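In structure tokens below, several structures.
Here chain A shows up in two complexes: once beside chain B, once beside chain C.
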Partner chain A sequence: MMREITYLEAVREAMSIEMRKNDDVYILGEDIGVYGGAFGVTRGMIEEFGPERIRNTPISEAGIAGAAVGSALTGMRPILELQFSDFITIALDQMVNQAAKIRYMYGGKGKVPMVLRTPSGSGTGAAAQHSQSLEAWVAHIPGLKVVQPSTAYDAKGLLKAAMDDENPVIFYEHKLLYKTSSAVPEEEYSIPLGKADIKREGTDVTIVATAIMVHKSLEAAKELEKEGISVEVIDPRTIVPLDEETIVNSVKKTGKVIVVHEAVKRGGIGGEIASMIAESEAFDYLDAPIKRLGGASSPIPYNPELEKAHVPQVSDIIKAVKETLNRA
Partner chain B sequence: MAKEVFMPKLSSTMEVGTLLQWFKEEGDPVEVGEPIFEIMTDKINIEVEAYEEGVLLKKYFEEDDEVPVNTVIAYIGEEGEVVPAESPGISGEDSDPAAETDSAIGNSTVKVAGETEEAKSEAVLENGKVRATPAARRVARENDIALNPVAGSGPKGRIHEQDVIQAISDNAVLVTPLAEKIAKENDVDLGHVIGTGARGKIEKADVLAFIEAQKAPSSKPATGERVKLKGLRKAIADKMLESVRSIPHVTLTSDVDMTKAIELRKALLPIVESQTGYRLSYTEIIIKTVAHVLGNHPKVNAALIGNEIVYNNDVNIGLAVAVDNGLIVPSVKKANKKGLAELTEASKTLGRKARDNKLTPDEMQGSTFTISNLGMYAIDGFTPIINPPETAILGVGRIAEKPVVVNGQIEVRPMMVLSLSFDHRVIDGAPAAEFLTELKESLEDPYSLLV
Partner chain C sequence: MQLTKEKLLVPELSNDKLIDLYKQMWQIRLFDEKVDEFFAKGMIHGTTHLAVGQEASAAGVCALLTLEDKITSTHRGHGHCIAKGATADKMMAELFGRTTGYCKGKGGSMHIADVDMGNLGANGIVAGGIPLAVGSALTAKMKKLDYVTVCFFGDGATNEGSFHEAVNLAAIWDLPVIFVCENNQYGMSGPVKEMTRVENIADRAHAYGIPGVVADGNDIIEMINVTDEAIKRARSGKGPTLIEAKTYRWKGHSKSDAKKYRTREEEQEWRKKDPIKRYKEILIEAGILTEEKAEEIRLAVKQEIEDAVKFAEESPKPTLDDLLTDVYA
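After this line comes the complex of A and B, so read on.
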């Protein structure tokens, strides 16, 4: 039987394996050394790899990102960690106007192979400035790839692919998933970016869910099975590039689709996925309006009950499925 | 709390009723037992009475609307009570109308549930477009069928893929291979051809007739008013077609000398009238005789149901009564156990109730043999259509004086033609003929009924 490790350990393991064989890979971020980072992902790594490769930085996301872009251009393969994905706002000029553009503007003569790792999502009581899911912002920028793993297994394989990629990759780790476990091989493996995973097969309705919503959707699917409703759950795993084929084929099969993410529904990636489906050959198979579930259009509340109410819950997904199937 | 008034389900087959007229307006006080509105089913018109006392708060449907059974049509309650703006649909789904109105704001689920029923027919939008999902449209396109007649099961009557699939399987055209080949060769759309075979199967002749008709110059006669086939007319149309298509009919006729029957009627007329107030007619004498003779011929008093011939213990005589827009067959129960006075009263009462649309469902069910009397017209014999699932029907003609040969002499006698149609699946010619012969002999010698 394969051992189980946590999502957090899987992220650390992917980096450690890579760093042992590739001296160009190093990590930079705030308090990632002895302290081990805001969530402890790099804990113990400074002991193995030393302060040259596990580099503590000043509290300046712009500086961290700028240093990463610069060193990537000179041939290094940096992994930078932001304590909370909310702070990506400060790093965005470097990511959007430099990292995403340089390879294109220099005709491929320079490249920026870097990974920006950062925890996202609500549910920790960290209030409005430390709980957001801003992946749609970066997904909008050509030149950036965007990854959202939902399991420990996916996290390890996708991070390997992100580190190997010659382009900047934004790698979102969900705070509430850090402690979840799954079977993860000890050896190295890579999951290609742009390949969705069908987390559960079904015939009546397709749910496309990202990050922690994959688990909520699976829970909802389990409940709905008791009522004879067969739900297919698709985890795109990377929203850029997006595995359109897997989603379209599933919708052609079921004729009904619900897109679920934690990020605010307005302007969220769900709108992009829904539009992609409507434009695709799956259109003629749609047998109900496409439904989106996402966060409310408000800052994330501090009150734990309101925080829960802000994002889609299992009961919301069940309700949406029944409405879509005219079984409400 | 306001109480629902809903479309009653008056028979096991009733799915919708037509609202004929309102007797009350919104705001009118209503007593228990007072009629609120009148409805028509495929069998009957009936007044729906109030079970509650109060004020008629809300009417959700107009006259002539077709309303599915158990759908809330109105509310009765206290003056000023709040009820939903739209019919909440099937009665009992949400028994608290006030709660529904309150929660309607900001709660889309409740609102949609309420809209579904009343909006069943709204699949066709005001601009003439049809509310259907892309998948439903694709399936309709692939099968070359129109979406307009498809009943939508979704919110606001939206047509889903499954609805179209259902409609296709409901309308699947039955056709013989030869007919299909001819249709293909001549570019005929089988959807327009009317089949005359079993279960409406299209046969070679149907396709050829259709092609002929297409060729003929379009000199269609000018048509006047068009009336939708519905209600009682539709029920009769369906039933007659089903009977003719599924039952192999054979009709036997026999002349009956009514001399003694006329004497009998004359003798009993004052007696029956003094007992019941009604005048004894030949119909009752024929009912009495038929019921008596049926007792000796259980095969004729049977019903073919599925794969079984069911022999009926009771002899219930169905009486075809002409009404304004058609024909109704009330049933005289246990006619073989009734005397002529009782039969006269029963048949007269049923006839009047039929003409006044006042028959109860029970009074229209359970006949085991039907009599259709056209004796008041200048009709001798005819070929009556069996009232399924019965085995036979008796057509009664007029009594007319005719020359007949009696003991080698030509005499003028009051003669009547009886026409017996029977279901050849259930019985054969010989037993049917025996029945009709015994019936003729009994009518010619009605005193045998006393034996």
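After this line comes the complex of A and C, so read on.
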């Protein structure tokens, strides 16, 4: 039987395997050295790879993001760790105006092979500035790729693909998933960016869910099964590129679709996915309006009940499925 | 080498190289003057930022760079491009939006780059290139390569957070990078004296524990000398230097500038410090150049720019299919 490791260990293992093989790969970030990173992802790595390649930086998100971009442009393959995905606000000029555009602006000359890894999501009580899910912001920028693994297995394979990619990739690690485990092969493997995974097959309704919402949707599906409702759960795994085909095919099969993410619903990636479905051939197969579930239009509150109320819960998903079925 | 009674050139440069640099300063000036003319006539769209009057810092700093060395540049970057080896024809073609341009017509004035020649690109974001230069220098250090990275930026950029973060990073890691602040006295309309309390931008170097040097940015010999020392320091692993080149842009910030924030008298004062004229006088006094030869060079460059325009005009435009290429590698 295959061993199980945590999501956090899977991320670390993917990086360690790659760093043993390729001297051009290095990690930079705040407190990633002896401290092991804000969430412990790089723990033990400085002992194996040394301080040159596990490069502890000052608290300078714009500076270190730019250093990553500049070193990628000149032949390195940096992995930039940001302690919390909220801090990408400080690094955005380098990611959006530089990394994403350099190849295009330079007429196809130069490339920026780098991975920006960062933990996102709420549920830790860290409140408004340490809990956001801002993936739709970067998904909006041509030139970037955006990855959101939901399992340890996916995290390892997707990170390998991200490290192999010749473009800047934003890799979101959900902080509540770090301690979740799944069967993960010891050897290296790659999961192509742009390939969705059908986490559960079903016939009555499709749920497209990202990151931690994949697990909540699977839980909801299990509950609904007891009532004879068959739910298909699709995890796009990467929102740029987006595997439109898998989503469209599923909707054509079920005729009903709910899109669920933790990020604020307004302007979230769910709007993009819903529009894509509406514009596709699946539109003719829809038996009910497309439904979106997402975070409330407020900052993430501190109080645990309010924090929970901000993001979709299993009960919300069950309710949404039933509403959708009733509309059909 | 003692060029004149007052002018000592520290690094060894051949007479041919010194004459080349004179030619290069004219290339920078006449290229930008031609661009200015085309914008005024509406022959090029978009915007442009000209470095007329600032030729000595671009040419002087790049005089000692090898092909392997890198630069990052700014929105006012045509001069840096030329100094790092770019040719006027492909630059002009870029401004005309043609496929023969350095960026196949997709970058334009603010984004000319030639990565193969070590030009990591101009930049439309003030201070945007500073962290990039630090990253390039980090590559040199990690791969144990011998190249240095020169990072050009203006006085305005030193009030950006990116400047602070990047210079600090370069300092703590002893990176082989040379920060060259071209202080042309104004960040768009903002006089440097109103935007910072320090007398010299170079004084800020102390805050990072690195050397800061003030230089006459309109004196190419002085620019070469200070850069020589900074390059030696960088190549020997001692880390970065901040050079401040005090200079002046003769033209407005961009094409739409009425220059209400400064006086015509001030402009005339700076025109007296014309870096090309000053360099010509030094070369003539040193017996390296004659008036006749100098004029010959100017006329040859003028023709070169005309040829570049012709090349650009005759070059093909991109097809609409090019819109979506080069977004991803």
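Remarks
Criterion: the second predicted complex is superposed on the first by the 326 of 328 C-alpha atoms of A that agree within 3 Å, B and C clash if a C-alpha of one lies under 4 Å from a C-alpha of the other, contacts with A are read in each partner's own complex, and residues count from 1 in each chain.
Everything that follows uses one rule, which is that a contact is a pair of C-beta atoms (placed from the backbone, for glycine too) under 8 Å apart; a residue touches a chain by one contact, two chains touch by 3 or more.
Since this is a predicted model, take the numbers as computed values, not measurements.
Between chain B and chain C, more residues of chain A are touched by C.
Of the two partner chains placed by the overlay, only chain C lies in contact with A:Asn167; chain B stays clear of it. Once the two complexes are laid over each other on the shared chain, residue contacts for A:Tyr104 go to chain C alone; chain B is not touched.
Of the two partner chains placed by superposition, only chain B is touched by A:Asn326; chain C is not. Common to the chain B-facing and chain C-facing surfaces of chain A is no residue whatsoever.
Against chain A, the residues of chain C that register as touching in their complex are 70, 72, 101-107, 111, 113-116, 120-121, 123-125, 128, 130-140, 142-143, 161-162, 164-166, 168-169, 172, 325-329.
Put simply, chain A touches chain B in their complex at residues 255, 283-288, 319, 323, 326, 328.
Touching chain C in their complex are the following residues of chain A: 24, 26, 52-53, 57-58, 60-76, 78, 93-94, 97-98, 102-111, 113, 142-143, 145, 166-167. Interface residues of chain B facing chain A in the complex, by the touch rule stated above, are 109, 112-113, 133-138, 153-155, 160-162.
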